[in-house]
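Quick heads-up: structures coming right below.
Both of the next two complexes hold chain A, though its partner changes from chain B to chain C.
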Partner chain A sequence: MTHDPFTVLGLEPRFDVDLAAAEVRHRELSRALHPDRYQGKPAAERRMALERAIEVNAAWRALRDPVTRAEALLAAGGVELDERAEPKASPALLMEMMELQEELAEVRGKRDAVGLRRLGDTLRTRERELCARLAPAFAAARGDAARLRALLPAVGELRYLRRFFEAYAAAEEELAA
Partner chain B sequence: MGLLEIFDPVAAPRPIGIDLGTTNSLVARMRDGAPVAIRDCDGEALLPSAVYYDERGQVIVGREALRMAPAHPRDTIVSVKRLMGRGANDPETARLGTIDFAAPTSPDEARTVRLRVQGRILTPVEVSADILRRLRELAEDEMHSVGGAVITVPAYFDDAQRQATKDAGRLAGLEVLRLLNEPTAAALAYGLDHKKNGLFAVYDLGGGTFDITILLLDDGVFQVRSTGGDSALGGDDMDRALGRVLLEHMGAAEDASPEVVRLALDAARRAKHALTDREEVALELPRMGGGTATATVTRAELERLVAPIVERTGVACRRALRDAGIEASALDGVLLVGGATRVPFVRRYVRDLFGREPLADIDPDQVVALGAAIQADLLAGAGSTGEVLLLDVLPLSLGIETMGGVAEKILPRNTTIPAGARQVFTTYADKQTGFELHVVQGERELAADCRSLARFTLRGIPPMPAGMARLEVTFHVDADGLLTVKAREVTTGIEQEVLVKPSYGLSDEEVERMLLDAIDHGEEDFERRKLAERRVEAERILIATRGALAADADLLDASERKAVETALAELTVAVAAGSANLVQAKIDALDDATKEWAGRRMDRAIAHAIAGKQIDEVDATVAQARGVDEQVAEHQARLPPGARSSQTGPTGEGS
Partner chain C sequence: MAYSDKVVEHYENPRNVGTLDKNDPAVGTGLVGAPACGDVMRLQIKVDDGGVITDAKFKTFGCGSAIASSSLATEWLKGKTLGEAETIKNTQIVEELNLPPVKIHCSVLAEDAIKSAIADFRSKQAARRALGAEPVTADAAAAHAGK
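Let's turn to the complex of A and B:
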């Protein structure tokens, strides 16, 4: 990532960033930088505005997702992001994910819309709890690399949940069709 | 009647908005601050998207062409939009219709569908260009000089379909300012007209395509939250469903000639229209082998036939709501766009789906073109619509095929555009010296099930063990939703860069050749047109630069200012002289002279957006009292470091 999304949007770097405020900021910056505003301007200026607009859009996209938001905070604190080098997931987490996968396969097989919705609620609650735990932890780390590194397992957990959520969304789509 | 406009031979070219539809097309422009449709000499605004090619090479577009269709079903092309950007083996070519498709003679040719018309081979791009040319003429009749066009496309059009539309615009001699998504255009026209804020769904069922877009209207900002649809679903499919039934009545269910198919489809369309207000309609149809058959079609029967078609829209709507993260109850309104939304069954279906009565106080046929005219006006800098901004999204995910044929998504659907992302890939075999990249678009897991946009190979990588090479792939999607891909190998120090525009369909050379063919008088006219285009661009840049001088001259030091003014003067002189190349050279020189200044001005704009207006107003006063450098330095100090550099690249995500 070229630039830290918090910096690009001119926001204080915190995990529990005010997303509504971030959206407004994204919109204000878009007003200033969107290619529509540079039509008919010299080519160099158009290119520059386009790149900035892309950067602003990417920053907003990164902040909306808790995983990329966490990664941005880690990167800003100098923690290298390499999933392969990060601590392995705990056996308890792996077990939990396997159980969730089985449950998903089952409701998918039975085309059980109610069961699927229940699974979705479980996932969302799980993610919300994890985020609530991460917010004060990030704040307490104050950008210190060593303390941020200690948060890697929790961020890894968030990633697992997110990936599982994608599988869940695919199942949801399949059942809706 | 409006007031007579006095012909002014040096009138500034004015932009237009075009709705290039499957069934009908339409051109609109701004007049006295409001968008209006341009009418032909018969007072008609809708131009049927039908093109008849006669044996002498004459091209007839519109109602006249439709009249030729029954007698010349092979030589009258209708609904060509459904074929845009599609390959020769696309399922679309197998549907009930009258077009004579030419079999491809090479794999290269198979990338675009070709039609056999009067012994000639035509591509959908050329047929669309003929429609656009007619619209351009209509606009020129009224406005004398057309300066750029916004052309609308279905939101769910993929990259190849968008590129094809843009090529058609170029071929028709139009400067395409922007491709605008149809639902967004409709929302723009509706939102500005009704001054409403809130969360809206635009349900756009046209002759050939379906779009659903969820967007937020907030004080002039039109922010698309999600979009979905089907680029092969519309009123045409309803006509086909009923047409099949009518063919049975005619005793021509098998092996019907193109004439008979055309007749059945036209009768089906008329019946569909009539059943909007009536419960039942009787059709007199010729029977094969002589005599006539009377077929009675009830609204109930039509509804039974169209139900499966309309229900397919529900799947896309539910997904769009899910992608936007909202329930239907959170919407403030549902807009109906497209002629097929006149079908009572569709209205009922939409009402039940969204749990509310859709808004019907707009003309579903015109609203898209009106929105395009507004956007064209905004882009041309006429600015009569003030603080309006459209933030649209990528309709379908973009990705790369990786090991095992899996499509790895690099930019997910519903990403706000313009967008960029960077991903690093590596080799899987030892001593691998080439990378094959396959760019795909779509939501399916396997690349083979997605739309293939481009394939290219990055060569010349020194032999290394597997996993050592690092290939960086950058995706760039511009505000038209068009993709550019760059790839480079970064570890070896040998930087290779490949720039790829997805080439599904026509190559740049092919379009260039068609462009030359289209100009009767060859080279000389081509030169003259190039000069005219350069001049228009130069005029725009002159205005923009003078405006910037008036607003931000304080960001230039004395010598920089002199350089800008010199470049301005030279470009002004060049415009008066008669060479396209000279004008271009002076445009480039001005570009150079203003580059750094542009960066500073952008920084100021960003600071303004972040800090709010008050501080900037204070700045303006302070700036007058102080030297330029001091002021610039202070500006930069206040900006966050990320916003300071003037050489930022596209931000990438991923590994």
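Let's turn to the complex of A and C:
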């Protein structure tokens, strides 16, 4: 990615970005860059508009997901996202995520829609709380690489939660069928 | 991204999925995670009196490559001594499964899981010795004698 998603959408870089405002911005820019508006324009201009439209879409996608949003802030602060160098999760967190995944597999196997929803609600609350803690931490780091690096374990936890939600979405789809 | 045939094969027919009793003194459990993608992997080994791995099970929540890497690891572990198991390298897994560069971390995760299962088994054996119980395996006895 050449530009960070906040810059692309012209928004202030913060973890608790106003997603509604970001969506409006995405819509406006997408409309302005639509190929229909560039009909009859020189090829180079058309191509640039298309590239920019792709960038705008990618930026909106990145901001919607708390993991990629966090990663964008880390990258902007000069924190290299090297998967091998990231801090390892605590054994307690790994154990917990393993148990949650197993619980999910169990309710999925039993086709227990109520249990599934309860599990999803619990984890969504947890993700919300984690994000609520991350927002002031990102703000306090003020783009300082060392302080941002200290947030890597929490960002890692967000990724474990995201993996859970992927499996959750698949289970939800299966039970709805 | 296209997966290699071998990855797809392990993904569709994973070997040795399951759980061993983690409280069994002959069982070592390795639990590892990849913070970069959120994969979690549990790999367990059961070791006999001669220090040979008689059974291996895994459970992985992650991408196809992570599942294939751990599935392959359990296949390789069975029948090996702990010493042999320790020599398994992630690069062997990469080679066997034709993993692309972006998926190398999955093989690293599997190697970590093997090492951490062995370490767990050994520390359980050491704890038993400390409590006066006889070491369960020759490997543990050898490790003990070597200290």
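Just so we're on the same page, the second predicted complex is superposed on the first by the 177 of 177 C-alpha atoms of A that agree within 3 Å, B and C clash if a C-alpha of one lies under 4 Å from a C-alpha of the other, contacts with A are read in each partner's own complex, and residues count from 1 in each chain.
What we mean here is this: contacts are C-beta pairs under 8 Å (C-beta built on N, C-alpha and C of every residue); 3 or more make two chains touch, one makes a residue touch a chain.
Everything quoted here is computed from the prediction, not taken from an experiment.
When both complexes are overlaid on chain A, the residue A:Leu130 reaches neither chain B nor chain C. Comparing chain B with chain C, the partner in contact with more residues of chain A is B. Put simply, chain A uses residues 83 to touch chain B in one complex and chain C in the other.
For chain B in complex with chain A, the touching residues are 177-178, 218, 221, 223, 315, 318-319, 322, 375, 378-381, 387, 389-391, 415-421, 476, 478-479, 537, 540-541, 543-545, 587-588, 590-592, 594-595, 598-599, 602, 605-606, 608-610, 640-643, 646, 648-653, 655.
On the side of chain A, the complex with chain C involves touching residues 81, 83-84, 86-89, 91, 93-95, 97-98, 101-102, 152-153, 155-156, 159-164, 167. Of all the residues in chain A, the ones that touch chain B in their complex are 1-5, 7-8, 10, 25, 27-37, 39-45, 48-55, 57-62, 68, 82-83, 169, 172-173, 176-177. Interface of chain C with chain A (complex): residues 31-40, 42, 59, 61-62, 105, 108.
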